[in-house]
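You will see chain A twice below: alongside chain B first, and alongside chain C after that.
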Partner chain A sequence: MKTIAVEETVVKRKLTFGQWMNTDTVAGYVFALPFIVGFLAMMAVPMLLSFYYSFTDFNMLTSPTFIGFDNYVRMWNDMRFRNSVSVTFRFVFFSVPVRLVFGLMLAYVLTRKTKGVHFYRSIYYLPTLIGGSIAVALVWGQLFQNQGVINVMLGAFGLDGVNWFGNPNNALWPLIFMSVWQFGSSMIIFAAGLKDIPETYYEAAEIDGANKWRIFFSITIPCLTPIILYNLVMQTIAAFMTFTQAFIITGGGPADSTNFLALYIYNHAFNWFNMGYASAMSWVLLTMVGVSTAFIMWTSKKWTFYANE
Partner chain B sequence: MANKRNFYKVLYHVLVVFFGFIMVYPVLWMISGSLKTNLEIATGALTLVPRYWLWENFVNGWQGFAGITFSTFFGNSLYLSIFTTIGTVISCSLVAYSLSRIRFRGRSVIFTLMLSTMMIPAQVILIPQFIIFHRLGLVGTFVPLILPSFFGAAFFIFLMMQFMVSIPKELDEAAIVDGCNKYTVFTRIIFPLLKPALVTTAIIQFYWAWDNFLGPLIYLNNPRQFTVSLALRMFADTASVTDFGAMFAMSTLSLIPVFVMFLLFNKQLVDGISTMGLKG
Partner chain C sequence: MKKIKVTAFLLATMLFIAACGGGAADTPAATTPTDTGGGTTTANQAEPATGDQANIRVAWWGSQVRHDRTMEVINMFMEEYPHISVQAEFYDPDGYWIALNTLAVAGDVWDVFQLGSNFPIYRDNILVLNDLIAQGHIDLSNTSQDFIDITTDFGDVVGISNGVNAWGIAYDPAMFEAAGATLPNPHWTWWEFEEAALQIHAELGVWGMSQFGNNPGGPVLTQFMFQQGIEFWHPTDTSQLGFDDPSVMVGFFEMWRNLVQAGAAPDPGEAMLITDIEGDPVVTGDAAMTYVASNQFIALANAADRPLRMVPLPSHGPGSELGSDIVSSQMFSIANNSAHPEAAAAFINFFQNSIAANEVLQGERGIPIMDHVRYTLQEAADPIIAETYAFITMLGELGAGTGVILGNPNQGEVEDFANLLLDQVVFDMITPEQAAQQLFDFAQSVIN
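What follows is the complex of A and B.
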């Protein structure tokens, strides 16, 4: 390292501009420039600003006034905020694990070397592909109307229809179903992981006389744990950020029963222009995501298995 | 024994098809809804075959709102998606090249920062970004939606770095012997060979931009600039009586670019998703 540095300073005097541009350091920074500028302008500065705003009262019309921890105290006493935290956690808690179970199940079932697996996988991936669109959110809202398809189907089985969006106890469920319906990307990631499990493991287990269930739980699952961890973390982060579905389908109602934190922050920021309060809440959201991720990582030491250990 | 095995095989396919049908049913229902009457949609008709084939839904839907037709909305979405895709492909390939091919001081710091941005949810920096763009007088223009893509996105930089590993270093060295410098190595060797990763990036980015809702929702306020997503939302928003048929017709059209890309580039999409999962 030292000799290189010395060499550079010695050589530097003789360099033409073209040669100077071609040195590792200069060329490296030139090529990395988009990211460096973007990181500073679009990430670092905004994050610092947002941290500062979280201690201010700021409505965009007048300049921000520093108010210390008032926003955080306000949050503590804001029942709508507390409720939205609990709604968000409930959503994450119910949607993420079920989504992963479905993803894993389908990846396992569709990995067999049967004909048409590619076609089947595409079919099961389709909802994920288009699931984030407004079009699908609008359709989903229609499916769960009082006289909608879901209630008609329930009726066909002799069951009573459910007042999905009129009753605060029910409104979260269609959103959870919608999230579970989109298990496609975790399915694809699991499928790629399944392909990487060495065939010899299975052969050895078969020779030992293990049955299919035993093989699944003693070989497949342990080998997949790093991928389960990855999916769990990524899906949890994404679930905490859920916004569009609630915004389009329920608008957060009824009685705030689907008022996800991301939606509540959006309303404070862009409808009521409480930028300071919204910034403070977004920091709390970031902390919640960070703590949840750290918690998952911490527990993962006990349940993940790495083949090379 | 053979009979039993065949039976299970058939059962397997029947079950997979059955559940697959349930999975795509809502999508099929939307497509068929684009040809149904409002009454038929609102009363939850399960059938996928419309009673009367109402092609007018497409004509009515295309009229849009307040004299602005869906030609404008589709044009805006296309414009935004194309430019963000160009920006992403260029910026990410540059950054990936520097991080994977050039040894410079600070490289590992930049690499770590880049990976860490993947974990920071976009929504947290949305508010300060909005305030900055507001100060710059750029709210109500396409700039806040397009500009960030020219700064590179961690997901795609990482994807391209993974791919660059498979391009032999000997090629760079040979090119340098032949008189190339670091810039022409990029333009003549790396960029052309990176094509498969560029295609994957372009597809996923185009699709994300096409689907993007929160960005346009915050930054665009003139209906003439609205994207398809924003326009679709107006169906549920404006009229007191929603024209469901027209809404479904336009919803169906809005998904066509995504369907087409999915059919044409299925392999690249799947590769992109699984690369991220395995090597992340």
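What follows is the complex of A and C.
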């Protein structure tokens, strides 16, 4: 053993700089360096700082003072915070499943071998590419206004127009529709998953005389459950952090009915100079996302199916 | 935006080099531009005739028109004061505060910087100007004490107002007549205002009143209370409110609920879609009144392209204060970290007192506080601008106050809560009395 160790050090000392750079370990670190630097500077340090700030009264102008758990206690008594949590959960609960159903439906239609599938797939992916932008949020706001296109169309069917943004009970729905409309990324992943299901399963089922619905629910869905799980987790996390739509279209109103937690945190941090309180709320949001993800993962054992099991 | 920034940078660099180049020719021993730019005092290098070589930074927010005009004035200033070079930094209104917050934390604020009524937040970064004024670096002989008071914080002059304006109601006289409503007068009451708005809605089917800005729970509510002789914020103590009886706010919540529920004012969703002055329903004839500042009235009346007038905000009848105050639209302050406060003062002095400079600026920041400047501009004004001068003059003659609007570091959060309560009252989720009580409790809990 000793001799080997000695030999190794001798070898290492003889390396020129160029050779040293080309050793596997060093090359690995060099290639990973951009990520490591980015992670430390953009993620790790700010996260640690925000954790520290969450126990202070930091207001960005004067130096922070340690105040223990005051920010977390304040949250407990803050009715606007509680409302934001409830609004955010309602948004996640409605937007994520509907978005996934839409994504799956279109992916199913668009994996069939028909002409122009690629064209349609691109078209349906478009909203996802542009959906997060401010311009689209502005357009969406116009569509749902009192004399907007949506109400005109409802009128054409003989229905009464809905006061979307002027009524606290309705204002969340246009934002949910907008989120559903951006089903593209889950659609692409579903499409890839659908193609991975072996043709032989379908052939066997057809020979046994199963109809389309039976095939879909007994073969497609079970084979797709790992993909569904992945999409569910990713979309849930994204939905918890929704910000732009509410920031641009409703400003959190009317009467706080669309005041998502991310928006409320933003206002506290950058408009009202309560960086300490905002940091504390971010950590609670992170915890909520973590717990929700863990819950989904825990239930997934009951409903996902892996072909190799 | 990027283009503007690049242009700004290039312009600033060019000016900088030009100015420093001139200085260097006079005094071969002068320091290089980088040295003067570093903020170090270069007291012994310049010739006595030109004074100390100084490099100052001037920053403001605003529109493209303001940027162009201010850059032109900066060039004029540097021609007149060759020993001072000015580095300009200008921003859109949002970007400005982000930049200022960063510099304030670092203790490296621009020598001359623009501030509004939110100056209490940056009070620790502001140099008090009393000494510079006493030493004659800033000449205030052409204005009255009233105009200096609007930027005075308990005896400390924290800046010099770049222009004054007053908030009030812009209205369409023709729509009032068509609806048979009583025309507003300078002493009208909130009750008369509500009557008129409801009648216009009933007769013409349009909104009587379009909006109280995007922040009705802020300045309008504060003014509603001030008219009753009550301050929302305590004048000296930021950990106290200026009042202890929430019932003084109830009338405001009631008035707004009545208007929105009757359809005489936009509901919160409709109000959210009104994003700028040119998009105000008054412009399209969908409303008869709106709440604007006198400098915004120019944009509103130009967009509407039909005769509009301005009156003060409604008030509470005999014995109450006049509806509107004359306020500073914004001011130039000097940073207390400035290495060249006298050069900064010279710039502000030029900006305020030079007729030539103000003929370029054209009162774009508000109506100038210097008498000789104001008279010169007023003579050349078009009818719409003349209406704003007449409005301010009328307020002055009626004895409108020119006090600094009191602020509090927590006012943003409190105002947002007031706007939430306004929504809730409109939707009958709470009563006006509950709203007043909740706002009072919330404001008190936040400032403690």
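The criterion applied here is as follows: the second predicted complex is superposed on the first by the 301 of 309 C-alpha atoms of A that agree within 3 Å, B and C clash if a C-alpha of one lies under 4 Å from a C-alpha of the other, contacts with A are read in each partner's own complex, and residues count from 1 in each chain.
Quick note on the criterion: a residue touches a chain if its C-beta (ideal position, glycine included) is under 8 Å from a C-beta of that chain, and two chains touch if they have at least 3 such contacts.
Just so it is clear, the model here is predicted, and its values are computed rather than measured.
*Asks:* Name the contact category of A:W20: first (chain B only), second (chain C only), both, or neither.
*Replies:* Neither partner.
*Asks:* By the touch definition at the top of the document, which applies to A:G28: first (chain B), second (chain C), both, or neither?
*Replies:* It touches chain B, and chain C stays clear.
*Asks:* Is A:L286 touching the first partner chain B, the second partner chain C, both, or neither of them?
*Replies:* first
*Asks:* Looking at the overlay, does A:Y124 come into contact with chain B only (first), chain C only (second), both, or neither?
*Replies:* first
*Asks:* Which partner does A:M60 reach: the first (chain B), the second (chain C), both, or neither?
*Replies:* So A:M60 meets both chain B and chain C here.
*Asks:* Given the superposition on chain A, which partner contacts more residues in chain A: chain B or chain C?
*Replies:* Ranking chain B and chain C by residues of chain A touched puts B first.
*Asks:* Between chain B and chain C, whom does A:Q145 touch in the aligned arrangement: first, second, both, or neither?
*Replies:* both
*Asks:* Which partner chains sit in contact with A:W303 here, chain B, chain C, both or neither? Use first/second/both/neither.
*Replies:* Neither partner.
*Asks:* In the superposed arrangement, which partner chain does A:F295 touch: chain B (first), chain C (second), both, or neither?
*Replies:* It touches nothing on chain B or chain C.
*Asks:* If we overlay the two complexes on their shared chain A, which of chain B and chain C does A:G166 touch? Say first, second, both or neither.
*Replies:* Touch partner of A:G166: chain C, not chain B.
*Asks:* Can you list the residues of chain A that touch chain B in one structure and chain C in the other?
*Replies:* 60, 141-142, 145
*Asks:* Report the residues of chain C in contact with chain A in the complex, numbered from low to high.
*Replies:* Touching chain A: residues 101, 104-105, 121-122, 124, 267-270, 272-273, 409-410, 412-413, 416-417, 419-420, 423-424, 426-427, 429 of chain C.
*Asks:* Give the list of chain A residues in touch with chain C in this complex.
*Replies:* On the chain A side, the touching residues are 59-61, 80, 141-142, 145-146, 163-168, 171, 249-251, 253-256, 267-268, 271-274.
*Asks:* Note which residues of chain B are touching chain A in the complex, please.
*Replies:* Counting only chain B, the residues touching chain A are 9, 12-13, 16-17, 20, 23-24, 26-27, 29-30, 33, 41-46, 91, 94-95, 97-99, 102-107, 110, 113-114, 117, 119-132, 134, 148, 150-152, 157, 181-183, 186, 207, 211, 213-214, 218, 229, 232-233, 235-236, 244, 247-248, 250-252, 254-255, 258-259, 262, 266, 270, 273-274, 276-278, 280.
*Asks:* Quick check: in the complex, which residue numbers of chain A touch chain B?
*Replies:* 18, 21-22, 24-25, 27-39, 41-43, 45-47, 49-50, 53, 60, 109-110, 114, 116, 118, 120-127, 129-130, 132-136, 138-143, 145, 147-153, 156, 181, 185, 188-189, 191-193, 196, 227, 230-231, 237, 240-241, 243-244, 248, 262, 265-266, 269-270, 275, 278-279, 282-283, 285-286, 289, 293
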